[in-house]
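So, here come the structures, one by one.
Next come two complexes, and both contain chain A; in the first it sits with chain B, in the second with chain C.
Our next item is the complex of A and B:
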């Protein structure tokens, strides 16, 4: 073992790598927002009176949770163009991340909604609120609070999953680092640096989640 | 339209149930319930656990659907259309055993939510109304706190204020003091007594017989989904007609 460390290619590529971190952030945040919309929307449809809608949601969740993410992203990127839907790598990655994270979010949020006592719904209905208002104004926030830890770890996972978007050459940290590595053959230096960057990105995400928790979920429980 | 004069010039009751039947699957929880509550009247509904008291009052604001009979509230026939149900729910306040305050909203916000969303009050109007009613249940200094920061008795008084913010024509109470520590029962009963003295129409499911004696115009006794007997308190306590009533009174009064 007489490997000499040489970080020069990493340092030369630093501006690129930092921009790529921003790309990763963009994918993660956009994917998450889409996942939340799908998650909450899915939970609403899952409770619908219409059986077909309920089954569509169940089918969607099963389909997504039982197939590999790589196949899902390939499907959107390579198969949908054959149906006339052609998307760039970045939108493709955001949609794939949102759909994938959304399927998990549906199950997580649904658990939260079920954990809220029926008395809350009844109190809302007895005050003359509609079912939709009860869900939005009374159930949703306490439900999200109970499952917030699960949801955040799912979203950290989503953040790390952005690296799979390198398979369609989306602009993010892993694909940029692969390019630097294959130009320089400095595998250790490049992937060591990238590992540290991902750690920092995860940490920043957790700070963001903690901020929202303190902002919205700090009402006392007992 | 709280009073609707009919052709014979009698005043239509605030709440009336006629021939109401309710099933949970094959189990019949209510059987041919007839009941009429005049404006300003106070009814105490009692009976052994599982006799259908909660089911009965929950039918009145359609938290439970019923399969037979008719219910009228303030002149509105409680059909199954959601418009009518919403209208009735705005007219009838309900207080639950478990308070059911919204934990993520302050006391004030708990009281403002429904008036703003269903009655279309703007924020200052809703807040003014909420503060007035919190004053009335003697809890105005807690307005900015969250439910979890209050005692059970305080929470239940907020729940009463929250219901009153809708300016209901009648109030339903489902064992409002059963979940409370003994030392907090009185503050809630006092609030209810004050409300009764102001002329509110009330149906109270409760085993607080002292309250019943003091406040009720009539006591209705239920068992196994039917109304066994009803009478003014003096008569109900001194001269119960049915064996089941006597047995129930023996148990309830024996405890006190």
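Our next item is the complex of A and C:
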């Protein structure tokens, strides 16, 4: 082994890499918010009385869960302009992440909603609550508490998935590191450092989730 | 899209299947070692394997492939993309399968191990004949679920430069300028591979739920 490690390009590129971490966070958090919206919307549609809607949601979930994210992001990247929507790579990546995460969120949230017994809903209606209130207060909130661990570990996966957005050159950590790598040819040094960055990012995400869990989902109810 | 292009995609599909198979089989062997070390009862070994698993679960697969790809070349092992990606995916699979199987080894009731000890079975026989057969049954749904994830993960090999299904799709799409058709077909091919496995996994889960009731 006659190779000397040289981290100078990494150190020179450090400001760029740190900004790129922020880009990764932005992608991840926007993707998660979109995923939650799609997840809750999908669960509501999944329970509708219209059979077609239910089947559409099931088809969407299975389609997304059984194809790679890389293929999905390429498809969306090329499909949006055809639909007349011109977006930069970064918003496109957020949409793709939201759709991908949303499909998994539908499955997870549905599991939680199903764990709430029917008696709860009936009791809520008997107390004169509106249907929307019953869904929000009696079904959704306890359901979210039950599924919080699985939802957040799915979101950690989503955070790691943002690295694939580099394939359409969205602004995030992997694409920036690829640029530094192709300028300096110090491939191992760059990717090793960035791997450590990702480890820190997923640790920070876990701390954030733990904070939210303690703040909003711990007993006694606030 | 003509016949030629479709055949090229099928060649890519062949490599995707080969890559998934190699990574899964080698990952199973290595994963079993990880799971056994993780439950060995020796504190320092358990810590080390827990760290190994945490690193693979806390970093993107794409980065793992990059680090392995360039890391192997750096320590003087010359490998083509195919071999390097296989090694990367195998390590990835070993960590995830190790964690899945650790859970299922711990889910086997303690009494089983104690009974085997009382019958003076050694470690190998205790694991091979008593604990693992039960643990594997418990872990089957999760293992099938991970296999689906692994097949989808092989698509990242295209970024490292290995021509499997996704990269074949990229090449064709750049040639005939019909990205939606090409990636639609590529997606459908992945779906045809993964969906039966997903259904099988769900079936196993239901079967296990009714069996344990």
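Convention: the second predicted complex is superposed on the first by the 219 of 222 C-alpha atoms of A that agree within 3 Å, B and C clash if a C-alpha of one lies under 4 Å from a C-alpha of the other, contacts with A are read in each partner's own complex, and residues count from 1 in each chain.
Keep this in mind: a contact is a pair of C-beta atoms (placed from the backbone, for glycine too) under 8 Å apart; a residue touches a chain by one contact, two chains touch by 3 or more.
Note that the structure is predicted; figures quoted are calculated from it, not measured.
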| item | value |
| --- | --- |
| Chain B versus chain C as contact partner of A:120, first or second or both or neither | first |
| Partner contacting more residues of chain A (chain B vs chain C) | C |
| Which of chain B and chain C A:69 touches, first, second, both or neither | second |
| Chain B partner contacts - residues on chain A that touch it in the complex | 117, 119-120, 122-130, 133, 137-138, 141-142, 145, 219-222 |
| Residue numbers on chain B that touch chain A, as the complex places them | 61, 63, 82, 86, 89-90, 92-94, 96, 98, 100-104, 113-114, 117-118, 146, 148-149, 159, 162-163, 166 |
| Touch list for chain C against partner chain A, complex | 55, 58-64, 66-67, 70-71, 73-76, 148, 152-156, 158-159, 166, 169-170, 173, 179-180, 183-184, 186-187, 190-191, 194-195, 198 |
| Touch list for chain A against partner chain C, complex | 1, 3, 62-63, 65-72, 74-75, 78-79, 82, 156, 160-164, 166-167, 174, 187-188, 191-192, 194-195, 198-199, 202-203 |
